[in-house]
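I have placed the structure first, in the form of structure tokens, so that the comments after it can refer back to it.
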Amino acid sequence: MLDRTDPEGAIAAAAKRCSNWGRWGADDVLGTLNFLDEANRREGAALVRRGSSFSLAQSFDMNGPQKGWRRRTNPVHTMLDTGTDAERGTQGFPHGLGGADDVVFMPLQASTQWDGLGHIFDHGLAYNGRRAGEVVTSEGDQVTGIETAAAVIAGRGVLLDVGRAVGDDGELPDGFAITEEHLERTIAAQGESARVGRGDLVCVRTGRLARARREGWGDYAGGASPGLSFTTADWLHRTEIAGIATDTWGFEVRPNEFEHAFQPLHQVVIPHLGLFVGEMWDLDALAADCVADGVWEFFLVAAPLPVTGAVGSPVNPLAIK
Amino acid sequence: MLDRTDPEGAIAAAAKRCSNWGRWGADDVLGTLNFLDEANRREGAALVRRGSSFSLAQSFDMNGPQKGWRRRTNPVHTMLDTGTDAERGTQGFPHGLGGADDVVFMPLQASTQWDGLGHIFDHGLAYNGRRAGEVVTSEGDQVTGIETAAAVIAGRGVLLDVGRAVGDDGELPDGFAITEEHLERTIAAQGESARVGRGDLVCVRTGRLARARREGWGDYAGGASPGLSFTTADWLHRTEIAGIATDTWGFEVRPNEFEHAFQPLHQVVIPHLGLFVGEMWDLDALAADCVADGVWEFFLVAAPLPVTGAVGSPVNPLAIK
Amino acid sequence: MLDRTDPEGAIAAAAKRCSNWGRWGADDVLGTLNFLDEANRREGAALVRRGSSFSLAQSFDMNGPQKGWRRRTNPVHTMLDTGTDAERGTQGFPHGLGGADDVVFMPLQASTQWDGLGHIFDHGLAYNGRRAGEVVTSEGDQVTGIETAAAVIAGRGVLLDVGRAVGDDGELPDGFAITEEHLERTIAAQGESARVGRGDLVCVRTGRLARARREGWGDYAGGASPGLSFTTADWLHRTEIAGIATDTWGFEVRPNEFEHAFQPLHQVVIPHLGLFVGEMWDLDALAADCVADGVWEFFLVAAPLPVTGAVGSPVNPLAIK
Amino acid sequence: MLDRTDPEGAIAAAAKRCSNWGRWGADDVLGTLNFLDEANRREGAALVRRGSSFSLAQSFDMNGPQKGWRRRTNPVHTMLDTGTDAERGTQGFPHGLGGADDVVFMPLQASTQWDGLGHIFDHGLAYNGRRAGEVVTSEGDQVTGIETAAAVIAGRGVLLDVGRAVGDDGELPDGFAITEEHLERTIAAQGESARVGRGDLVCVRTGRLARARREGWGDYAGGASPGLSFTTADWLHRTEIAGIATDTWGFEVRPNEFEHAFQPLHQVVIPHLGLFVGEMWDLDALAADCVADGVWEFFLVAAPLPVTGAVGSPVNPLAIK
């Protein structure tokens, strides 16, 4: 039972129970990605049976959900050269060559993303007990920058469609806290291919993105949402998964389960577990395919863009079945 | 034999011989990615034997090779919130939570990338014979934007280390034009695992990046370089590969093989073949591994970031063996 | 009388009556700024009696009115170095030095601005009859870039507080079209210091910004607004003013006075008159001062930031009385 | 005499002698701009005799001096809509309307600028003795943001052409330290109109920009340069000027006059005097005019762009004579 009035106490207790600090040495920068080893990658690749590929990324453009909260805009894409110019002949290239280049301005948390280990701190401490100010300065994450994970994230993926297993019409309502019981019920409903184990990359579908698509973004980015209950910290720790991703902006349930709180589960799982968390993933097409063939596991390749020192990264995850 | 004085004629002739316009229908937006089917993806996944993963991306940061040519800067990464602030307690979050967010401003052609089909035009025409000004306006690529390829690029990868097979100390000099003969000699030297066929993703290592790392960037971005000869257009067409990537900024040899020319092979392969071209890939660590185990093929997953309407995309390609 | 069903005809007629094409030669890039000569500047400077200075700029930040329409975001300001880092001692400078730098990403039309002459076209033609595609390519305005006006815009300013003279409680309602009669009535009400003549920089206050401040931005940027009537084109031409600025996003009334139209007065005054138009200026504090002292003229210095090739520029106009 | 081995001691001593902390109250955010009052503004305006106007800004574009040091790029200007598109008819506006919009990405220290009071710290302290981490966080300057100076900077300007008075052919060599004696000699040579007093805005021309224009940027931004000697701190304090600007990147001489040092004069004048410092101003055309008419004073209007929380601002200063 959560004491709704004491998030700080609950966070401290969960952090103590679930800490991975020192587990992989004082210099570790990978956290739970250490669970994802070559055997996982072989197991993941062996799941490619049909050769079908699904992009789990939302589109990166101005029609996204961001409204400026925390200076998060939608990606602004502009052209440095265009086909219109090329066709008109203003570019000055020889022998009929024309070209188009482009540029993007993009908060790294704007759309489909991985949170890096420098994204969240607990009382001024980052993953592995480092002081936050020694890790992430205005020059970026000097220690656990997302580039450290550039080559790692390819392994067995599992989709848990909690929206379908537990919700109505495939969707959980805003404020719905997904507990360990809901996760286990979903696994049981989906069968053996949905088992979750060490090194897995777990995708949790709530249906929140499907609702935003149908009804408009509204407060999709930053507002109320279904998501993982604070109480799943132990499950996330015990299962020894390498990463988890959801189709919501913030992974955990909003409003949070404490009276005055903001993303308390983040505060446990990122700095203490060193868990890689994916947000705003688009799991709908993949989910439809899994329903159709009854197979909920796949090869998941979700390599972050190695922006040096980034505390997160946009990503185009591919699920291959 | 190339007539060095007539790039326009040579381009027209090659374009005629190698055109894929209409091959996959008038509405096609994928070009040679049509060669990459589910069977290729199964074949690629089956190449995962050890489970080792290699990132083929350079780092995305200010220490990159760009110097402002064509307004291409290196990626500028800045923080919206920092660990220093979190540690100092200025962020205003409850219960000890601290956070760090970040943002990037980045030409999409700045570092490791895919060229999209809207990147290059021939006499005002884009892939499949569309008018350039109907495809790429200042609002981006309305037809062949890189998002159309979001789910496709996972398949059998092959590394051709031409630098090692043909060059001295693993490197080709600037201005060295890699011909079909050099490619075939490399394949023969590397053996059966280096065969190239329909739907493959071919990585050509010249050693140019290794040289830049040793000697400093110099003119790595935009300057002299080894690269594919204009004469390889037919090989690129005949082999029916899905894509090709190099460790150079511009894929083809510079200076070009004509007297007054700029990237004539681009002008053939992107608009006429619809070929996906990768540039500035880092193939060195992968090459070392291939030398060590004698296996030059692997599962290559190189999903572009689906920036809507982009004529190219930064990418973190993973080669998994 | 406007034929509400024929904006195209009305635009063509007004353009013919009011054209300044060729007036200052075929090479002219300054349009109505040609009216602003040294005598105007002397006259303006002589209006500085008290030495009081008023900034007519809104603040440039994320709390602005933009919502992404036409990819116009609010300015995004981020830090490259911070005081928090300096205080913590992470910067590596000698002898106790600390520093802070910053960067901005900003649509030039996001906030208080001048429209340049390359901002609007009529049937593919820019100011002075040039073809739009020869003037503004993806490399910017090659002819009338805002840098050409870098040294010019300092002269006699006049504030016409139409909101106060004609509106209720100092504000005009959205959709209110300010006609020549309203302008003249305001001048008459304000007295001799409000006369408008050749070379003047005219500021028209509608009260729209005051309403947005009170009620929230709503659709301030891009939505309904009071503004100049299409019928003022002749007045704008006849008075030979050098520039005009309003406290609204778009200078002219919205919805426009034709049935299916978008900013028809822009289409006349920018390409045909070569008129410099300022938008989103904050005239409220200045207006209060003018009410107080009964003097509606001042020295106005509103030098655009000379971003080479820009079709407009953010500006911090100073009115000095 | 400077002890070249002890910058820290020299800084501490100068800071003690010249401190303005508390001079204008504990809440002051304007520093030396407090010297610039209405009388100064009247005096400045009265200097407008001919009505000639000079822009003192460099152009803001990719052809600037920045090379990426401290993530300072040149301004990147891109188009959101173009005339080429308008002419081709792809924009979808009614009645023949066409438009062009644009956007800029720009370090605020990239070109002609004002340093704000939050730009430099001394041992973790900002102007008026505030702690740096309480003033400038990753959300910007919360106290002395450049917007606080939005309406102030218009007053009497004085040009001191030290390059002409002291140098050869109008230029001082790199590493030349301008002392109080050089400043006074220049004033004496230029005559009465060059006197410097309380509230003035002093422009110091070294000729460094002219040299960069002739020889190429080289290390103009961040490299060796003539500039003010550390020893001028007392003169800057005693004269009670409101601001000072130079045609160099960094205001003070480089290399600095201490053995291991970086911008020690900044460390005194910004946090301790609260002095407004302008850098990369283009004083050449104005200087030529002053030579021609023998008048070295003018009305200077240099209003920063009020980017909220900025520690500096690009500016287009106008000198009006």
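Labels for the chains are A, B, C and D, by order of writing; each one numbers its residues from 1.
Keep this in mind: a residue touches a chain if its C-beta (ideal position, glycine included) is under 8 Å from a C-beta of that chain, and two chains touch if they have at least 3 such contacts.
Source: prediction; values computed, not measured.
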| item | value |
| --- | --- |
| Least hop count linking chain C to chain D through chains in contact | 1 |
| Between A-C and A-B, the pair joined by more C-beta contacts | A-B |
| Separation of mean Cα positions, chain C and chain A [Å, integer] | 44 |
| Chain A-chain B separation of Cα centroids, rounded to whole Å | 27 |
| Where chain B touches two or more other chains, by residue | 71, 76-82, 84-85, 87-88, 90, 103, 105, 133-134, 137-139 |
| Chain C contact footprint on chain B (complex, rising order) | 76, 78-80, 82, 84-85, 87-88, 90, 103, 105, 138 |
| List of chain B residues in touch with chain A within their complex | 7-8, 11, 37-42, 45-46, 48-55, 57-61, 63, 70-72, 75, 77-84, 86-89, 93-109, 118-124, 126, 131-141, 147, 150-152, 154, 258, 260-264, 266-267, 299, 301, 303-312, 314-318, 320 |
